[in-house]
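Read from first to last, the chains carry the letters A, B, C and D; within each, the first residue is number 1.
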Amino acid sequence: MTRGESSMGNADKYAKVDRDILAAMEKPGRLYLAGLAVTGSLVVIGGILWAYQIRNGLGVAGYTHPVNWAIYITNFVFWVGIAHSGTLISAVLYLFRARYRTSFNRAAEAMTVFALMVAGLFPLIHLGRSWVFYYLIPYPTQRQLWVNFRSPLIWDVFAVGTYFTVSVVFFYVGMIPDFAIARRCKEGIRKKIYSALSLGWKGTERDWRHYAMLYLFLAAFATPLVASVHSVVSWDFAMSIVPGWHTTIFAPYFVAGAIFSGIAMVITLVVPLRKAMHLHEYITDDHFESIAKILLFTSLIVSYAYIVEFGLASYGGNIFEMESFRYRALGEFRYLTWAMIFCNSVVPLTLFAKRLRRNTTYLLVVSLLVNVGMWLERFVIIVTSLAHDYDPYVWGTYRPTYVEVGISLGSFGLFFMLYLLFVKNLPVLSITEIKEHL
Amino acid sequence: MKKTLVAIAALGYFGVSVLLVAGLGYLWYSTGPAPVQPIAFPHTVHAGGLQMPCVYCHTFVERSRSAGAPPLEICMGCHRSIATDREEIRKLTRHYEEKRPIEWKRVYALPDFIYFSHKRHVKAGVECATCHGDVAGMKRVRRVNELVMGWCVSCHRVRGASRDCATCHK
Amino acid sequence: MAGPMVFEEKEKFLEQLRVLVQEGVPGERIRVITPFGVPEVEEILPGKRSKVRFFALVGAASGTVTGFAFTILTSLSWPLIVGGKPIVSIPPFIIIAFALTILFGALSTFAGFLLLSRLPSLRGIRSGEEHGNAFVILVEDGERK
Amino acid sequence: MKRRDFLWLLGVISGSTVMTSCGSGKSTARFTSYLLPPEEGIVPGEANFLPSTCTECPAGCGVLVRLRDGRPVKLEGIPGHPVNDGGLCVRGQSSLYRLYHPERLRGPMAREGGKHRPVSWEEAFSRVADSLTASRQGSLKNLFLSGRTTGSLSRLVDATCAKLGIERLPEYEVYSHTAEKEANGLLFGERDIPHYRIENADFLLTVGVDLLETHVTPVAYTRKISSARARGDFLWYHVEPHLSLTGANADRRFVLRPGRERRLLSFLLREVLDRKTPKTPLSGELLAALPRTTASIVSGETGIPSESLKEIANRLATAKRPLLIAGGIGTAQAGGLEVASAAALVQWGTGAIPERVDFARSENYRDVGTLRDMEELSARMGRGEAGIVFLFRTNPVFSLPQRLAFKENLKKASLTVGMGDFLDETLREVDLILPLSHSLESWGDVEPRRGVMSLLQPVLPPLHDTLSDGDVLLRLLGKVSGRGAPGSYEELLHAAWGKRLGEAGRNRLLEKGYAEETLPKKAVSLDGKRAAETLRSAGPTEDAGKPVLVLAPSLRTFDGRSRILPILSEIPDPLTTITYGPWVSMSEEDAARAGLRDRDEVTLTAADWSTALPVKIQPGLAAGVFFAYRDLLPSPPIRTDRRTGGGVEYIGGVRISRTGKTAEVPILSGSFSQLGRGLIPHPVHLEEGRRHDRWTLYPEHEHKEYRWALAVDLERCNGCAACVAACHVENNVPVAGKADHLKGREMSWLRIEPFYEKGEVEFLPMLCQQCHYAPCESVCPVFAAHHNPEGLNVQVYARCVGTRYCSNNCPYKVRRFNWREHKWPEPIDRMLNPDVPAREVGVMEKCTFCIQRIRAAKDKAKDEGRKVRDGEFTTACAQSCPTGALTFGNLLDKESKVYRLAHSERTYRVFESLGTEPSAYYLRGRKP
């Protein structure tokens, strides 16, 4: 809080908050529209390529015989991972009553929801017969046949499905009071929409009582998901017998990785957001510093996991495991492996320096590198492990085709497009909470 | 409060009617079409009136996976002398003399990834009518059962027949 | 005095609220409207704790039960051996049950909230009264001692 | 209302959209009223078998044709057939593709202007007839050239040629075995290839001869060798300059310098004669003619260490029933005659004749001519002496060396008439094309070995407007005589069979598919004088200058005639695992010296010839020796051997230079070494802890009646890939094509993995192991992969959504994914086995242990109210295996063969430590 305001009356303060934050939702500028156009076209391209792939079969992708999973699953894991930090910030930090949460939670929750929407596409994209995806859903059919609940993929369906639903609810509930405010400040059709979304929220003391309880419980429900969902995702690999996948540390390792990449993505999104919308008063450098600390911490966990992984392989004496990791570090994908280690383990170490933690531009750079690194991590784990497994006769390699690349870019396009739409149409900060903490 | 009750009632009514329509729709779908055959062979006369057993013409039903359409030889066995003046019989004789096999329109068909053996079912004591309905009563044969997996499986459940996928899926 | 009492400052509003309570106005006749949740109000006005939590409990519990029932029953309805694992293998089913626990819990909590705070209220949506960022106290009619 | 019914009703609503996906309503089989009921024993919808003979190569193996609704869908060897006794090679299994090949000639064609136009048979025949009469006036000679023909057809050809005044030329075969025949002619007056009774030998020494690939009758040799091995006291040494499948399977393989076979054999002959005196002593002058030499000298010349030489000689001399066979590239060289004669003399000296070298049942190669004959033919045509030239089932334009200018000279003939089934290099050049039916569409017989008749009978009417080999000639005769054809070939044959075998014999022939006449033993006598001359007249050993390019015969396409079968390019070459060639194999040393890696393209340059080929580094190959399969090199620079007139398959003084390009060659194997992973464990590994006790939380799941299992005896398996072809045809496995193979997306359910160790190769057939605790099953989200009560990993194609998780989780990587929709162009679609569905795009597939055969067998057993008997049926792979390496059966039946093998102390299972408990058991032999 800067000095100027303390003199001003509460009502004005509150009004200012309303103004500042809803200001973000004013007419978009050229840059914004350009961004929308770019991301939009990426989405279209991705869609076309997907259609092409469905038409001609997965052969148009770069899959080979040993490497049956590749970029699509990489993207799936990556996006699910991104989602996690959103929940971490909005739910876990809420329970811990961490003040700086207020500046990030809305942005983070939005990120969670959109990331999951994108992630959810990839299992479908990677299916050999996408058109019968509903076989994966346990619903009563004339076949009288159900799904195999012993398969990790079905765990995925439930874990991710639940995660998505809960996140959406959480996201929406958080915004109900703000909608009430938005409708006050907006006119015309938008007013109508916001009124409807606000469900006619009045803010009587009864409302607030139930609301507080609801929010508390939603936070409580969401919190275990942070751990559970990515554990389940990690089990897609850990439950198999593929050397390089079948290891007990995967669950914690993946969860840490998820939060790591997610925090990075938050920074990637919020730094420009703050600049573009002049929200420096509400999102301060202190806040960034605290986030940066989480980034550093999770980075250390991930690096630890790398060390353990290689350690287990080299000391375990299991020739399959050893070969798998030799190949990972020295095989044809070695550059990606070392790039991953550089981005995820080396670069974040610089955040031990306070000055750098508080330098948002630097944070932005780091976060981008981490995003790259974490994507590479998933790719390396998936592809190298499959390329060299038990029977040397079938050892192979993998090169992505333009179809896979295009669809992946399309997914990024979709994510950022949704995000751009979000910042112009929904309050990017929790207005009521900010007032509460004035 | 009252409003909500009304709303719920309306919703319920709507739901029920949807179910009803869907059910009827399915019924119509399952009792399949009755294609016009190249020769209007009346099962009503042969299986019905004359009480001829199915096996008399569908000779392979007890020996093969496919029941098979009767070879014209069998038809001619009787129709060299019987009802030779009727139009349909003339068609038949023409086919026979010109050595043109008759291509019947399929009424029942299974996808090619399904293994089904008439022999096994007949030997297990399943009546023809169980699946094909009262053919004797049909002037033009009509599919009375949609051959979907659930339909097969239900019967297999009831009779305690194998439900291993590989029993039917090639 | 009837009609809404409107305050700009949270502190003033709370004072007035205390006064009213001391004057012996029964809590159920006082309605307050605030721009954000004010914990103090709950201390001043002797209201019951929200029942939303029971919805949470029931929802979660039903989720767990459904999870296990669903997995076990469906597995038994067509027993197929995979990887030599038993038809009813509890460990994987726990994961499903857990997921459903969270799902049902969250949804029913939300439903509970809507039910208890009478949302969505059509009247509210069709622009109910609007008090901006002010703190408001309403006292329903009734003689003071 | 029961829960199920409730769900079912729900299902009605939810499922109604889904129903289309069940594919019901789609009609598959036709529903036809035929005129007459089918003859006895044939039940529509069930398979029936008819005997015939495989014509994919001249060996003449008997085949049982499996028919479904009148369509041949599979070929299997006839058990008890004197040639192949139930076995069938990779080419034989594939030859159905020839019958259904879309590019088969569909009717007679005549060249008008540049290109061929379809004409009627009438027209075609009259054209021939006219020019025949025309040529009668002129001085031009009409010539008839055919590939090897035997039996009635050969007689008919003779008759036709006699009647029409056509000169019948010696038959043309790329593998004419000239030197052996010459030698046998000179020494014993038997100018033919004897029948080698390997099964009676206790020591076999083979020099250059490719018994397992193409030599005369490979399936027969394969069976003989494995039966001899089964006896236990059998030892087999092989000597060759390069590395062949035959060499890879010998008990010991010795590498000698190409062209030095002579030296080796004269040494061996000398040794043998010194050690044991033959029953009838050799004449003194013959002994005198033998060059004196010592082990050390010969060792220097051949590059074989002298102790090895001594050992070979020793074995040869001391073995009770030794047998030496020299042939193939061992005799197709300058000085091949000496090699062959020396070999014959050793056979004589060791008393192998007539017990193990049987001239009474010689292999009917005497009518096959030499390369020199072809030179003369080409010359005659070049001089314009040729009138009408008939080319009957032969493709010289492809296989003859460029220098003969056969293609060019062919144009100088007044009329060229080509008879064959494909528009191959030769038929493309001729004026008139008379399309011939496939052997499965025509009557006939072959006599691959003297006294052995094998039946050809039509199992389906001709798919196209073609005539059978016999009928073409008969119709032609009829046309020329103007009196119409003298009856059909069928009648002619039946008459001939009746005359030769008698009524009963003919019926037996028609029923069993073969007839064997008892022939008296033939005592041959050695002509010592001629032998001595032969040896003396031998010129100096002309050394094929280094490095040498060896033109090896190809297992997959014989002399190239089977290139047309797509499936054969799909099945990898056993030694290199290359599917779509060509390539040249090179030793590790040479490659290292030239700094070449796999797939690097090099130009090979000989005297008057050069070609560019990608390199494959071949372990176990000697430095200074390259080899390429002859069928992959069109018109190779073969020299003619001065003395025999045979071809010389060593090309000396080849220079290589890299082009700098890298060719796209699909090499399926990811590693030639098994990297100590024990896929084929070292025998000693078998003892220590083979049985891994498995600890599990869960109760064992039980199998009640059957638990199907497969035993693979690696000691018997020779990597011939016949099983792979059989599997392809039986299970409608699609042909993926080169583009997919380059991505490692082959579709074969069964593969042969070669693993090299110190130049020694061993083969591991790898197919779905049908694990008891299958990793693939539990990860499938939709139960598409699951375990059935008979211990099979069932894959339900209709249910599969294509997550491919099962394949990731399969340690054996035997699951195949349909990356795209595979086409079955008409009429190949008629080859599809109706008992096996063609898989849709996007689903996973894999070996099913031929579940359709299991189903059929159980169906039969159920009708007879019993359980399936052991050996009552078997899988396609096991059925086709010429060595009997594969045994399929019920593991719960303690009497069954597979049970015994599964519990032998030689047994192990691949990756046993993973606890997957495969149902495929491997038996590891102990090589001496």
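Everything below uses one rule, namely that a contact is a pair of C-beta atoms (placed from the backbone, for glycine too) under 8 Å apart; a residue touches a chain by one contact, two chains touch by 3 or more.
Fair warning: this is a prediction, and the values are worked out from it, not measured in the lab.
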Margin query: So using the touch definition from the top, which pair is joined by more C-beta contacts, B-D or A-D?
Written below: A-D
Next item on the list: Find the chain most remote from chain B, comparing centres computed as mean CA coordinates.
Entry: C
Next item on the list: List the centre-to-centre spacing of chain B and chain D in whole Å, with centres computed as mean CA coordinates.
Entry: 48
Notebook entry, point to check: Measuring from the mean C-alpha position of chain B to the mean C-alpha position of chain C, what distance in angstrom results?
Noted result: 58
Next item on the list: Report the inter-chain centroid distance for chain A and chain D in whole angstrom, where each centroid is the mean of the CA atoms.
Entry: 58
Check: Which integer distance in Å separates the CA centroid of chain C from that of chain D?
Finding: 79
Check: Which positions in chain B touch two or more other chains at once?
Finding: 148-150, 154, 157, 165
Check: By residue number and range, which residues of chain C touch two or more other chains?
Finding: 77-78, 80, 82-83, 85, 89
Notebook entry, point to check: Which residues does chain D have that touch at least 2 chains other than itself?
Noted result: 4, 8, 11-12, 15, 19, 775, 778-780, 783, 786, 799
Note to self: Help me check something: in the complex, which residues belonging to chain B touch chain A?
What the structure shows: 148-151, 153-154, 157
Checklist line | Contact footprint of chain C on chain D as seen in their complex | finding: 3-4, 696, 698-701, 772-780, 783, 785-787, 917
Margin query: Residue numbers of chain C touching chain A in their complex, please.
Written below: 8-10, 31-38, 41-42, 45, 47, 49-50, 52-53, 56, 60, 70-71, 74-75, 77-78, 80, 82-83, 85, 89, 92-93, 95-96, 98-100, 102-103, 105-107, 109-110, 112-114, 116-117, 119-130, 132-134
Notebook entry, point to check: For chain A, which residues are in contact with chain C within the complex?
Noted result: 9-11, 14-15, 18, 138, 144-151, 154-155, 158-159, 161-162, 165-166, 169-170, 173, 177, 181, 184, 195-196, 198-214, 217-218, 220-222, 224-225, 228, 232, 432-433, 435-436
Margin query: Looking at the complex, which residues from chain B come into contact with chain D?
Written below: 19, 22-23, 25-26, 29, 32, 59-60, 63-66, 68-75, 96, 99, 101-106, 109-113, 115, 117, 119-120, 123, 146-150, 154, 157, 162, 164-166, 169-170
